[in-house]
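Taking it in order: structure first as structure tokens, then the write-up.
By written order: A, B, C, D, E and F. Residues from 1 in each chain.
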């Protein structure tokens, strides 16, 4: 008799045969407003079974892909450096086995770790980033490593012109100014995503989706809800565009904080976004 | 001194004079994810008094119609066959008195009972169905009677070509395939509703609205929230189109689960949908 | 050592230097459905620090304006006349010092008090009003002073043709009829706002926003949620239009009831609306 | 076909045959902290069906008594005087028919109305009062009629020595001092209840239970939770003692605010307390 | 790389070596008031990691026992007979391997299945039952299999005098009468538990704990909260007494409904009760 | 016109005249289960106005003491060392002015900072500690500074025999063993508190109350609820005993997490505990 594994729907294969490997990074130690993103990976696993593995949008099924769910890392909440190192080590192991890492956060800071691992392997790693917030501060209340600085730290890894930011609707004036020189940042909308994807089509791309890019009407369960975001229909349009990328080498979705949305809608949105994103980009 | 009856707003007439009869079918015994639709009818009655009986959309008032609110059936939660039989008997009684039955669920399975009663009276009964889910499985975990099979069972009653499904965005691949042969199923949208209504204009029509057809942003209080649904404005457009039907012989709205939306918004949405639907189709 | 004052973000100046003065009027004594608007001002102050003071929409910052946050009035919940008098007195004091009063309610009835104070100073005071509800009853369950009669009482102050109502989607038939003769009322939408603003450009204008004008999908935290409202994007469009007014002499936002939205989204929406409204109209 | 009446369990008889008449007084217009007691009567009716009508404590059944549930009064929230008058009129009607009025509040202020009606009929009316708070202020923020002054107003009706207060654990110093001269007030406990009941055995007694006398551990759903109250077992002991009274002429339970306890426990506590109180005192 | 299994704390061994086997029976299909017990097993697994595996009460550690967590059965919600059969089959398999089955419900009806399996193996199986409710009806709304009849059905298996019920505080008069002849039922308290345990010391005993035996102050998260229950300290006393049993052959804890207690306290109570019960009786 | 300061009830004096200084330390960066203690200080300030400043237990009033409320420190969530340093600096400033620091956490780790400051001034500083958990680990997932290690770190400051722990009901076996040699630890109860207080009567004492020492029935709003704690009545007994101390030089109450208890009861408990503790020990 075998213990039942409580995995994400459709991620029921073994590590060795898998093309992509899902894992949870339940860390929210630098969250400045409302913590709780640490509960996202398990909530998503449990509620994923209330959606189907089949997508009528892409007419594809997660069960037709080889997918493995590793479970969660056990991370120390008061020690961000150590937590990031543990995430980086796991990502390293996954990409060394030639598999695509798929991470569920946690707060946005966790995205730094897979980018560090991947940017060693891929010299010209490209970032596509969806978010309500710029996340480009150089430090936040004195901290260089923070959910509010993570894209700046990612920029430190991949360099000028390789970070592409969409739908951003909040930040300091200085961040928007800084972005003009160093990243592609589109305020509020994603009109340039299509051309961006054409440009990056064959390059190695890491996708990071801070789910608070969605309007809080459909995604209230997040630490810092910011009104004025995109609808779920627009998220689906975005994923359709992303499906034209041919070399997605890693991805994450972060900042679901399920306990702040008792209705479970935010968790359902996160699950469906992940399903569609995987069906669109894991090839 | 008479006890006060806690009815739905505007449903304050007697049975004998009424054109339409509202009743609650608080059954959710086959719900597979999050049960609680049983609490919908009473929640809707209480909160209906926070909306008006007058509709500025149709410039009509529920008080200008003769409407009776029977209250709820008392149904056994562990015995779906018996529950369905009790609902069917009540519907039978209503239609024998030449009145229009209006049912508040409960889970979607309850819709089968009025359809059974009505399809005896009307040989060419037509179904118009709004839902996030196909509900066309032949069985669900071995059960033939289930919220996930209810449209298939309804199809068994009314036959090929008489089930019209709109806005469907989730299901098994097999269900979508099966629908191609046996029902009119429009994925995601309701572009063909107008022509469907023209076609069915004078035929006897039963309308069943699974409220999860709405996007969970505006209707989080449901057992299986499925992102990507229609807005409330679109629901109003739909009802405007339905107002052209001339022979609506019964209707239901199902799958409100009020305790999963403490804000009360989902209940308000259900109440207003019911008000508009009644004003549009009870003639 | 000085006690820290818990003010709204960016309202950190002194009274004497300030151009505009914010205060809370935490009264909800006539609320007929779900009370709780009394908790709005403090909730908004606390959560305002989770949005930025900088607006990427207007490329302006609250910190570049001189703004003072007075705190809350302490109002007796069972004595509406006395409560209104206390609000009127404070507004009086603010406008006598040539500053713009900005009020956070409370229920909508509180809007009557600043209008009374302002209509003494400005003979041709104009009202611009956003709401789900007409609020034009002459009395409500026998009460002349009520959240459901407040625009009628405001009309009593400013007279025929000086009340401009937008996006109204609920009311009695009589109210809509009455409005045809006495106010400018646009049902459901705000298509005529642009021309209204052109007309009132240089006149003294008071803006009152009942936040339930927003769709409950994005603003569930209110006493009487009414489906079918505007989106947050539309609220931003409205504020952009209002930014063309040159003589806004007072404003309020009312009917946030934060405890009915545990996710905090409604409070965030109220905070961002206030930030944008102030940046658009305080000159 | 008759509409189903949604009454409190066991209160299923007609007015004429009834010994006691239950009604709801859903008023909370003077609540100073967290309003919501208006929702108590309907919540209790709905949830009463989850407890039994039979009490294993008294070995008695509500169904063996003749009991009528009138429903709720529709009260104006911003007009306390009018609301109190309406409650007094209904109580008057009930006692003129020689029936015992049983009122579910609402906030505590509503208790004044039945006491006014009863003190006209019974010259030496006695009050037995359970509460966390003294409620003996002469005015509250200038209001003479308030939840915080209600026992003082009741004292004005019945006079020195006729108000008996138990388990009080919060108030102003002045209130406790005042009580020493004018009421029987036992702080924290109910050790003197037994002798009080012996003394009042044959006198006409009105019982008023502010449910916040219970510890918030078992009764969180109330406007002003005050830690350090009695347990439910102690409430049962109290009711056992009260069962020795031979002439209870009226009673109320007030200050349940069901929406502040989503678990439903507070409502269940209120229902069971009412069941036991009725079985103990209606003879 | 192995997927992480999300087991109950301390249940980390393999099936073959284990002395006891935990499994979840997430069925609540006959719940008559508030469903949701289906969510208990996974909620308990996740939150068990917030308590320790070590008990300072018994000075024992779960890690010193060999324990296996099988996970959950996937049960059809609308088909109670089939669900019970599946549970019985699993229990059968466990006891055939000479291991002790430990079940987390689900509603109370699930207890019938392991009793059926065990009563085949042990001719003189004894039941020790803790509950707020008698659960002795012969049928409930016509259903013979129901949460309200389960102890009657268990009685059908084990016969007169072999069911021992403690702390019962709610039921029909008939149930209490029936119990006098057929079971050992102690109303409200557990004074006779000590002598019962002495009597059954070496006999095969099945323990079934309906967690609503606890007072709703400490266990609000249950479908039918019944005020007046035991405290957690008393639960610990009970478990201490049960630790003297020498032949416990199976056990369950049922009726946690975690979504009705957002604070997580009820789940913590269930976890700690299970830890202590296992440490006390698995030998 | 002065901005209103939103202070804790009764803490309305200036710094210079004050005997004791309250401040908030809203840090929860090392919380391992459910974060949110950062919201405690502001929640307590707001809700403190719903209890009185007068205590009928001690017949004393906060208004008769000179008390100042500084407000909150703004602490970096991802940088525990820096956060602790900022708290220590503020405490230093307070004790240099010969005032008593009163801290509201935050998680328990914050207690280390005032102890560090005070142990410099008072060579023989004594700790009295109430908690559900030992908090005596040497490190937690590799972190030396953690909510789970804080009493061990405090011990490092004050040395053998100077830490007195009461009511502890959870921990590792190793922690209980270690305590036997280095601290005075009473499991479950506080029977030895009286003699401890006699012993420490004139010594400088720091009191630290982790509110999870209370049973989760009355204090559900905490990060790691642990069933089996003390009642509020017992907390009052404890404070009565503590009132015999003559040289309390500092105190804190920590681990309220208000968003996990929407009823507000936990916040009310924290407020009343603080009021009583201050009235008992500030002399």
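We take it that a residue touches a chain if its C-beta (ideal position, glycine included) is under 8 Å from a C-beta of that chain, and two chains touch if they have at least 3 such contacts.
Computed from a predicted structure; not experimentally measured.
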item	value
Number of hops, chain B to chain D, where each hop joins two touching chains	1
Chains contacting each of chain A and chain D, listed by label	B, C, E, F
Reference interface B-D: repeating pair among A-B, A-E or A-F with over half of contacts shared	A-E
Cα-superposition angle relating the copies chain B and chain A, to nearest 5°	120
Distance from chain F to chain D - Cα centre to Cα centre, in angstrom	38
Residues of chain C whose C-beta touches two or more other chains	34, 215, 217-218, 259, 261-262
Pairwise chain contacts, counting only pairs that touch as defined	A-B, A-C, A-E, A-F, B-C, B-D, B-E, C-D, C-F, D-E, D-F, E-F
Chain B - residues contacting chain E, complex	28-32, 34-36, 38, 74-80, 82, 109, 140-143, 145-146, 259
Chain F-facing residues of chain E, complex	49-52, 54, 56, 59, 61, 215, 217-218, 231-233, 236, 261-265, 268-269, 272-273
In the complex, chain C residues that touch chain F	1-7, 15, 21, 42, 46, 68-72, 93, 259, 262
Of chain E, residues touching chain D in the complex	33-34, 168-173, 176, 187-188, 215-218, 220-221, 224-228, 260-262
